[in-house]
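Chain naming follows the written order as A, B, C and D, and within any one chain the residues start at number 1.
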Amino acid sequence: MIESAKVAVVGVGNNTSALVQGINFYRHTGSLVGIHRSELAGLGVGDIDVVAAFAISEAKVGRDLHEAIFLPPNNFPRLDADLLPSGVTVQRGLVDATEIERVAHALKGAEVLLYSAPSGRPETARAYAEAALLAGVAFVNTTSDAVAREASLLERFEAAGLPLLGDDLASQFGTSVVHHALLRLLEERGLTLVSSYQVNLGGTEDFRNLVENPNTKKQSKLNAVGSDKVQMAPLGYLPHLGSQKIAHLNVEAQGWGGTAVSLDVRLRVHDPSGAAGVNIDLIRMAAAALRAGRGGYLSEAAALLKSPPGTAI
Amino acid sequence: MIESAKVAVVGVGNNTSALVQGINFYRHTGSLVGIHRSELAGLGVGDIDVVAAFAISEAKVGRDLHEAIFLPPNNFPRLDADLLPSGVTVQRGLVDATEIERVAHALKGAEVLLYSAPSGRPETARAYAEAALLAGVAFVNTTSDAVAREASLLERFEAAGLPLLGDDLASQFGTSVVHHALLRLLEERGLTLVSSYQVNLGGTEDFRNLVENPNTKKQSKLNAVGSDKVQMAPLGYLPHLGSQKIAHLNVEAQGWGGTAVSLDVRLRVHDPSGAAGVNIDLIRMAAAALRAGRGGYLSEAAALLKSPPGTAI
Amino acid sequence: MIESAKVAVVGVGNNTSALVQGINFYRHTGSLVGIHRSELAGLGVGDIDVVAAFAISEAKVGRDLHEAIFLPPNNFPRLDADLLPSGVTVQRGLVDATEIERVAHALKGAEVLLYSAPSGRPETARAYAEAALLAGVAFVNTTSDAVAREASLLERFEAAGLPLLGDDLASQFGTSVVHHALLRLLEERGLTLVSSYQVNLGGTEDFRNLVENPNTKKQSKLNAVGSDKVQMAPLGYLPHLGSQKIAHLNVEAQGWGGTAVSLDVRLRVHDPSGAAGVNIDLIRMAAAALRAGRGGYLSEAAALLKSPPGTAI
Amino acid sequence: MIESAKVAVVGVGNNTSALVQGINFYRHTGSLVGIHRSELAGLGVGDIDVVAAFAISEAKVGRDLHEAIFLPPNNFPRLDADLLPSGVTVQRGLVDATEIERVAHALKGAEVLLYSAPSGRPETARAYAEAALLAGVAFVNTTSDAVAREASLLERFEAAGLPLLGDDLASQFGTSVVHHALLRLLEERGLTLVSSYQVNLGGTEDFRNLVENPNTKKQSKLNAVGSDKVQMAPLGYLPHLGSQKIAHLNVEAQGWGGTAVSLDVRLRVHDPSGAAGVNIDLIRMAAAALRAGRGGYLSEAAALLKSPPGTAI
């Protein structure tokens, strides 16, 4: 029987809650619902041990991880499985580069460091990457901050035989995935796109941050969809949605003879689930590669990342 | 410059209206909207000449084809392009096998016979196929009646060097196409399907026939979607919809940790456009193969047909 | 403090499950969510005691009412409140008029008999009404079978000082309610209705019966909506919906200058809740009137009934 | 036969296009589709003569009104009726109070001045009101700028026997109307509102202005809906929608026993039609009152205005 992958996480938000609860759910129920790859490099979805966690929220530091994931502003729901104390106490995250050594020390025993903090603090992201290098641990960057796209950093991970995966994870299932599939379908069938729009509504802290800084994400979403006929309505932060996202998509097209074709879609999904469903694969890929002595970027992760090495920063 | 394909049509219903009007639209506007293949074997979408047409409606027989396509119960809309008289007078269709020779004689000058009458009269379909054989003309069967699936008939077309395409065309874009794409997407992303339903509403004569004989089509649609978790609501004939079809699709699934994912889709499309967009390719394939001396079934048509040779009758 | 109303129920299906569970829910939680009238004639929604229950299902007869309501084909969900044994054992319902006396005897202690069996057995309905007369108990007919519309029966209840309410309850909130409100709104604002359709999907046994006998209900629904421009799609029985009903409504209209106005609505609701929310009022009206010595039909129930005395049978 | 009402308009945007085209449409087609009141005080919807028009766009000034209404950024569609030249040349609108006399002079022959410029310039609105006073013409303010709510101004109109109607017109049919009706329906039926949201998407210049200055309108819409459980997503300016507005409404509620009730609505409507459908009534009310010698505010206009005299400025 294969040994579980040992993971440390940075950030104890909704995505970490979904990941940690999900691992526990699959381990204890034996269920395989909603899983993309039930086994990856010999590792099942329950074969992950979280061995360390870092956060900067005063309320979360010092708490058991299995308590901390339910503290506000987290609002991912409690999954339907018993959750015993994890035995992992949330540690204070690093604030500047002087703390790299402390973090590296705390990574002892970990094989992978999953960086799952909010986007927008590239120095912090890279400081954690330095700590991973120092500790001999693989690094997975799920944020849009440039880490794997930093050529010099990537080279150093490669040289050290340490996997470095990033940047910015592509959700398992979300608005972009559905919108893109519909537009691709139109094209495959020979229809002509006339116009399309996308409205995204959500209730997480992440969503609130995006609403306050909409431009970056909007651009990134447009890229993901890949057509200039697609218009993005401003994101709507609706707290009562909790960790649910609701999207309204419309596609207007023309078929044979110019006749009208319309598609209206309403999608409801839990954003943090979409992240966890991909993180579980990135972690397993990184752990397996580390064990096999493969350092640097891993091509098998390409479909799971929005901005892999080589794309614009 | 390539010579236009010469086509005779059986049935002057909505699908023929969409085909004939569309050919005229593309020829005169130069537009390419809504076209799957702008060129196929050197033939553009406007490079089709309709040289004969057969119908059994008293009102349509004896009228110019470009008038007959607008007679009730046809309700496909008038496309936005001038439509001069076609010069083709609708002829009386055959009622029994004694008239095969008359029809064969009337096919002089045609390269392809497109059989586009209502489904449900297999003897009639095969009588027209006999006429095509007699006249040395390729045959395309768009109905669900077994013609290309009749092994002995297929062998005779093959032996005669005449293409035989069928049976039952797959629409360019319709409910099954969208539903199937969504279910495939779910599977690709690793989500677990919980339940799904499909409601189809339409206002054509074809739709009325299906409502009165729902079982065949319902089964065929289930096959097209390919999952036993998909439930089909009874078809609804709503005359005010005219040649539009409206479909309501729902997909309930589970993502990571069993969290809920919902998709609700409303699709609006003109059914006859979906047929014409595929017929235009079947005609061009058949004409090109005839000219090249290739008889029998054509593998390149596989994606355009629901029940090709070898599938159950 | 007012004494609770004593009720006997005929039929232990979903509607009775919703009623019985709901009374328990409101009594124990003190909640007032989803209630039309928190108090009616001094009676709260928890001030109802079910004192007898009749069913014909072998599986249900002889079981405690609080167990029987969860037996198949019932599929109304378990509400979020503890449910102790009721102490009421489900009795065998009457099959023919020879059993009227037995039932009347079993009604001892009841003030109201709520007839909540499936529609379509008018003789049975009237036999229970006879039992109520014999026992001196008010009668509420929630089915579309003619009871209160039988003039001679109504006169006898009136003469006996016993309330008789019916026929056919109007749901608290369902497709007709929403559709009617939208059409009324259009009219109030001066828009011109062009077309409208309604699709109803459900998963209860009642729904299955309607699908198999669609004509009556369809006509009744059309009456409820009150416009000949409204088209009803056939009902769809989708077992996975359980006691949920899903309706798709479309309204196409014209505003100023003939410009288009479209409304598309998706409604999701539990049918048995809509019934229980009205039954709770009919029971309280009947009990209060009985106590006040008012017999016959009660005008205050008019808005809760689809076919009151005087309407066509 | 009654004499037509003589109207002057300020602002030659979409709302004026809809009004002017609509009057012509009803006059020439005799149609009554989409009209709230076919006759009001003896005046039909076609019994309006536009006798003067003011704009500040260089492109519109000097053009015939029936040309100017189609100039960008106007994008209200061309209605289906011939539109001859109006004979009314668009005049330069006033920029400051020094031009009041010029405008008053140009109002000779008008009975009503309809102020239909963009909201947000209260001084301009009041300067036109002064011109109306000077010219002895009734004034209708369709913007949210305070005019009728200015007590001293209202008194002067009253003293002069001139009607003054305002402020801010309530659309004939729009998102607020539908949302309010649904919430009222829930309440009438005794359901408990859990949450609700509203997304508005539009493509007019007015919409673009609102998107850039969202706060005022958002607040005003919340007031119109009247519940703190209703959340408004940010307005989305999607140019391809033209003068159409699309709204997505969601209502989550609880029925009997706390069971879930969901309503999802998609509304599509032309905003300028909703304005014209109300302006036609305000004009007729004002003209009729002027002829009858009734000055000041008219209570019969209350339902057509969002901020009548006495409400907060």
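In the analysis below, contacts are C-beta pairs under 8 Å (C-beta built on N, C-alpha and C of every residue); 3 or more make two chains touch, one makes a residue touch a chain.
Here the structure is a predicted model, which is why all the values come from computation and not from measurement.
Asks: With chain centres taken as the means of their Cα atoms, state the distance from subunit B to subunit D in Å.
Replies: Averaging C-alpha atoms per chain gives centres 49 Å apart.
Asks: Just the number, please: Cα centre separation of subunit C and subunit D in whole Å.
Replies: 45
Asks: Subunit B: which residues touch two or more other chains?
Replies: 264, 266 - these are the residues of subunit B that touch more than one other chain.
Asks: Does the chain-touch network form a line, ring, star, complete graph or other?
Replies: Drawn as a graph, the chains make one closed cycle, so a ring.
Asks: Got a list of which chains touch which?
Replies: Touching chain pairs, listed by label, come out as A-B, A-D, B-C, C-D.
Asks: What residues on subunit C touch subunit B, complex-wise?
Replies: Contact set of subunit C toward subunit B: 195, 197, 199, 201, 211, 229, 231, 233-236, 238-240, 246, 248, 250, 264, 266.
Asks: Spell out the residues on subunit B that touch subunit A in their complex, using ranges where they run on.
Replies: 18, 21-22, 25-26, 31-37, 77, 79-80, 172-173, 177-178, 181-182, 185-186, 189-192, 253-270, 273-274, 276-277, 280
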